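In what comes next, chain A is part of two complexes: it sits with chain B in the first one and with chain C in the second one.
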Partner chain A sequence: MSDAIKNHGPGMLAHWTPENIVGETSIGDILFSNDYRKIALKGIFTAFIMLALGGFFALAFRSELTVPGVQFLGAKVYMTLMTLHGMVMVFGFLIPLVVSILYFMLPKVMGTEKLYWSGLAQLSYWTLIVAAVLLVIGRPDFTWTAYAPMSFRTGNPYLWMGHVAIILVAISEFLAGAVLFRNGISGNFKWGELPLMGWAATTVGLLFMISVLPLGFAGYGLLSDGLHWAQTAFFDPSRGGSIERFLYIFWSYGHPAVYLPFVPAIAVIYTIMPRLLGHKMWSYWSGVVAFILLALGAMPIGPHHFQPVHTISGGYERFVQILTMLVFIPSVLHVFNWISTLFMAPIPASARRAIPFKFMVMSIAFIIYGGATAFLNAQIAPDSDFIHNTYWIPAHFHAMFVGFTAQMAIAGFYYLYPYFTGRMFNQAMGNWHFWLWQIGLFLKITGMGVAGYIYFPRWVYDYLDMPGWMEAQIVITIGGYMVGAGFLIFIFNVAWSARWGKTAAADPWPLEMDDPAAQTAQPAE
Partner chain B sequence: MENALGIWGPQAIMMAITASFTVLGLIMLFAAILMKRRWKPSYAFEFGFIAVMLGLVWYADKLSVGTYSAYQQNLEEGTKRVSGNYDGVGEQAFDRVFTVIAFQWGFGFINEEEEVSRNAVIVEPGQKVLFKIVSNDVIHGFNIPVAQITAEIDPDAQREVWITAPDEPGKYLIQCVNYCGVGHAQMKAWLVVEGNETTASLETEGEQT
Partner chain C sequence: MIRFFVLTGLIGGLAVAYLTTAGVGPITQLPPPKSLLTDFREKGYVPESASLEEDEAAEELHVFEVPDEDAIYLAEAEAAFEAMMGSMDMSSMDMGTADGATMDMADGSTMDMSTTEGATMDMADGSTMDMSTTEGATMDMTDGSTMDMSTTEGATMDMAEGSTMDMSTTEGATMDMAEGSTMDMSTTEGATMDMAEGSTMDMSTTDGAAMDMGEGSTMEMGEGGLLVTEDGDFDREIVLIMTEWEFSDMQIDVKMGERIKFTVKNGGQIPHEFMFMSPPLMQAVNYRTTRADWSLFEHEALFEKPLVLPDGEFSFVLQVQQPGSWMFMCMLPYHMQMGMMGQMATEGMAMDM
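Moving on to the complex of A and B:
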């Protein structure tokens, strides 16, 4: 490790000796090894299988939606694919991917070299696998939000499997949160020197453990109501239940669910940005404060997801509206910190060439894109006008989930790649992946935003030939296929380079300045 | 026509602010990547930024609540509150009053004479129309794009929505925007605005079905 890396304090320490862990792993290791890097790699590659699955579902229904009329997917199949797409992507791909990347990075960043409570991480992984199997067998078609009472009246005999899967997801995420929290507080650091990834793991670990409790309860209530376990129901209004109870309980998980992958992705930025740029972040405390505020704000603002549900200009609704907009502040603190860090000193040529750096910059661009629209979503008036449950909403959360979180996780994956294969990935294929994703995601997200503005409703397998609707769908489908093509290149690159890529240097990410003038301008911190 | 929430009023300002915020952020990001000059922003700059944000939150809350209250005010004419008050006292302010039953999957409209029509409601241009919406099965949505209003209806609650009918005769879409089961995509109705002279030509007006 070069001195430049060693002396840069917290967050700069994500450096291992490149070795071919993947090539030397036996089947037994893959299944049950508690070594932190093997658990992490298992999670990462499972997440990519989930991404392939969810992406395949997405391309299937994107093809169906390109033009009005029923092509090859009926309502039932379409909705099953849509539900599985949402659940697989959020619970199977995004959250496990970022959590696994944290499992990989935390022990090194915290200096512990081991993952505490790795048995729980193992249990969390296998619980999630059971949930995924149940989902695929049960084929629920009630969307990932599983709104009561619709979600136990869909006439599907294996419906209960979907509800059990929700409970299992809650258990799995609770365990993952416990592991993150335990490792976030594990390092031997003085107050105020805990790496930002440690702050992220601590705050998001707590958020995981608290916010999945309502999810587990929602899953249990749906199961109990659906199978008529009791005379009275929790959520079914025809048997004395309350829908509002469901909405408040579900969304007090549903909004944090967005932050659960979001915060670890932010932590990855705080770890690899200083490493690639060769200097510290612009501000440490700004990041700490932002992590804490984000965790505090996550749960109380859930009700903004169902703003137009009743007379909505009351005091409580207004409080939620203001609080939702205030969550803008921690997000701005993060983004401001990143942009200032990029501005502070000349950007090394090595960083400009690095694929993880490119993905990182564009993920920041997408968080700006998606985050600014969130400011509008929070407000009751535009929400009751054109935002609520039109395609505007998928535009917003695809910008946040794919544009930011997934791209940042992919950046982390590219960064870690030489450390666990001992080889570098192919740069040209990495660039193809990068550009296909940026253009594809921009087309997809912008197309969805436009479709939402002209009131294209969510969750429809077929639509009327209204002005502009088909055009928007065509743009989204083209974008979707570009993202799919980028994914194929990415997977090919990962597989091919693991065997035939160039052998990685001792430091795969050395700092290099092409311009000697800039080299001297760089303060030798 | 007068839109329910008036998207070209305060909402347009908010959308312009959002758009300029996006552009400003992207300019800052790409300047940080592409500009030759390097610069370490001071912490005061960040605090200034936060202060602007707080101002925006205050302004957005004011505009949004103002807009929505003005809309809600129209429901409260006559009595203090129309919502939840089904004795009809507050309904004098509206030209037409419909009870809407949202069900899996469609909309039933019951007019003042207790006449029921399914998936179509006939009004005249410029009329002020009140929809009292209930659902008897699952959560549904009620969205009229041309009037720019959305409501979400719980089975155990009642919602009221008013619009001003478009001046142009024709057929306008009413749709469910909350997933309510496999028939959700078909849960549509038509707001039929009938001109004084043309009933027969309705087939050619507006959108195809």
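Moving on to the complex of A and C:
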């Protein structure tokens, strides 16, 4: 470990001895070991399987949507694929991936060298696997938001499996949140010196544990209503239930669900950015305040997801809008903190070369892109014009989910790669992956934004040949295929380099300045 | 370890790919659950006298009301509709140019053509006919109106016993029965034109043109130029099949005065609805859809059949009373956008879609 790493604060601690964990782990160890790195790697690779599945669903219906007219997917298959795409990507890929990366990094960053409550992490993983199997067998077609009463009137006789899966996801995320919280508050730090990843794990752990309660209840209510467990219903209007009750309960989880992968991804930036740049973050307290504000703001602003409902109107609508706008403050605190850090000192040549650094910079670019559209989304007037129920919203959340969160998680994965394989990944393939994803994601997200602006509706498996609609869909599909190609290169790189890659140095990410004289110079603070 | 996950992923991926595409069952919709009220009634909690029928008063709830901000737009759309109808050249309701054109007025119908002064009805080239609103098959000619039935020979207007033609209210109303001739019934109040059974009134437009009014009969004009009745005589029958996402006939050409029996079937997999709308109202509808607002003035439609379940069928008879074009569609969210919108138009009135 070089001095530069040791001496620059808690954020610099993410350094292990590179060793070939993946090559020397037996299948029994993979499945049941409570070693933190093995649990984390299991979660990470399972998340990539989920990404492959979700990507396959997406490319299937993307191909269907490229040109108007039904080609090969009917309504039922389309809705099933789209529902599973949403559920698998959010519950199966994004959240488990970032949580697993935190499992890997937290013990080292916190200096505990062990994951507290790792048994719960193990249980959380297997609960999620059961949920995924149930989802795939149940094949729900009610979209990931599972709006009542549609979610217990359509589909097939196994529909209840989808509802059980929602409950299991809630349990799994609750356990994961508990593990994050426990590890976030551990370690020998005063609160004022707690690494930012610790703050992230603490706040998001609490948010996990609180916000999944409504999700679990929503799942239970759907199950009970669908199977007629009780005389009266929670959500079925024909039996005394309320659809709006479902909306309020679901989106109490639904908005935090965005932050659950989001905050750990931010924590990964706070950890590897100082490590790769060789100096501290621009501001520690701005990050702390932003983490706390994000956690506080997450749940009350859920109703902005269904603003056209008539109970979200008048003063309450304004209240939710203002709260939503207030969440910009912590988000912008984070983004300015990162940008300022990048401009604090010349960026080392080693960082500019590093694939994780490239992904990190572009994920910051995409959070700005997504954040700019978010500013429009928060406005009520355009909300009822081109925003609500059009492709505009998918453009926004794909920028946030894929452009930022997934890319940041991929950056974290690339960063950790030499530590758990003992080898470096292939740089050229990494660059191909990087550029295919940046161009593909930009095309996809921008195409969706344009489609939304010309009122292309969501949740349709076919559409009229309106001016501009097909062109936008073609752009989105091309972008989608580029992302898919990048993913294939990525997986090949991961598998190939683990055996044939160059052996990693003791410090896989050494600092290397353009000007050797600056190597030892301290940046201005 | 990576090999394990790649293999698991490939095998799992193939299984999932099968399950989610070819393995997906047919489109199904579970039967709606028995409502709490029905259940209570079966258990004897609800008195037999209590009605379980749909509550019409629910339609009066504020959720169906036009919001204030939209009322302005709606008023504009309706004004545009009125303006368009008011200025419509009635000469295209020409009963004089084609041989054998008839306007048959059934028992009890009214013909209400105008509430304003100066509205005109051309029966033939250059002629005008103004028939203001009154019950009992009367024909009032208001100030300055003229009825010119002059240009050709052979047209007849039969008014049965008991009918009156009142052209009395003001000076200056004229009725040209033949070229250059004037029939002035205006000089005295209450003057009536009583045409006894079997008598003919020469409308002198074309050979064989006739206007028969049965005893005590009036002619009813439907809203927006369409008169819709549950059944009755018809000239031709059109069977329309609704499927996802089209009608079996997307462009229906009709003739003025034609009576058509529509039989509409839902041949699709999901419920649909069926309505006729006038073009100006469609502008208001379009405005609403762009705001993702699904209260689409369906209750203002010229004809509305709210819910047609799969395999459902209904029929009605429609009479085209004015030249123009009308849209028919399913107004369930996104069904129109998906293609469930067609046009019915008289000759030359079809709009490009």
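Simple rule for what comes next: the second predicted complex is superposed on the first by the 511 of 525 C-alpha atoms of A that agree within 3 Å, B and C clash if a C-alpha of one lies under 4 Å from a C-alpha of the other, contacts with A are read in each partner's own complex, and residues count from 1 in each chain.
We adopt the following convention: a residue touches a chain if its C-beta (ideal position, glycine included) is under 8 Å from a C-beta of that chain, and two chains touch if they have at least 3 such contacts.
All figures in this text were calculated on a predicted structure; none of them were measured in a lab.
Aligning the two structures on chain A places chain B and chain C in a clash.
When the shared chain is aligned, chain C comes close enough to touch A:Val136, but chain B does not.
Contacts of A:Trp432 after superposition: neither chain B nor chain C is touched. When the two complexes are overlaid, the chain among chain B and chain C that reaches more residues of chain A is B. Once the two complexes are overlaid on the shared chain, A:Asp385 sits against chain B and chain C alike. Of the two partner chains placed by the overlay, chain B and chain C both lie in contact with A:Val460.
In the superposed model, A:Phe189 makes contact with neither chain B nor chain C.
In the superposition on chain A, A:Val494 contacts chain C only, with no contact to chain B. Once chain A of one complex is fitted onto chain A of the other, the partner contacts of A:Phe343 are limited to chain B, with no touch recorded for chain C.
By the document's definition of touching, both partners, chain B and chain C, reach A:Thr154.
After superposition on chain A, the stretch of chain C whose C-alpha atoms clash with chain B is 57-65, while the remaining options among 57-65, 201-209 or 309-317 stay clear.
The contact surfaces that chain B and chain C form on chain A in the two complexes overlap at residues 75-76, 153-154, 238, 308, 310, 384-386, 388-390, 455, 457, 460, 462-464. In the complex of the two chains, the chain C residues touching chain A come out as 1-6, 8-9, 12-13, 15-17, 19-21, 23-30, 32-36, 39, 63, 244-245, 269, 290-293, 334, 337-339. Residues 75-76, 79, 141-143, 145, 147, 149-150, 153-154, 237-238, 242-244, 247, 282-283, 286, 306, 308-313, 318, 321-322, 325-326, 328-329, 332-333, 335-336, 339-340, 342-347, 361, 364-365, 368-369, 371-373, 375-376, 378-386, 388-390, 454-455, 457-466, 521 of chain A are the ones that touch chain B when the two sit in their complex. Chain B makes touch with chain A in their complex at residues 4-5, 7, 10-11, 14-15, 17-19, 21-22, 25-26, 28-33, 38-41, 43, 46, 49-50, 53-54, 56-57, 60-61, 63-65, 67-69, 71-72, 83, 137-139, 141, 143, 145, 148-157, 159, 173, 175-185, 188, 207-209. In the complex of the two chains, the chain A residues touching chain C come out as 21-23, 25, 27, 30, 41, 45-46, 48-49, 52-53, 56-57, 60, 73-77, 80-81, 84, 136-137, 139, 152-156, 159, 228, 231-233, 236, 238-240, 308, 310, 384-386, 388-390, 455, 457, 460, 462-464, 491, 494-495, 498.
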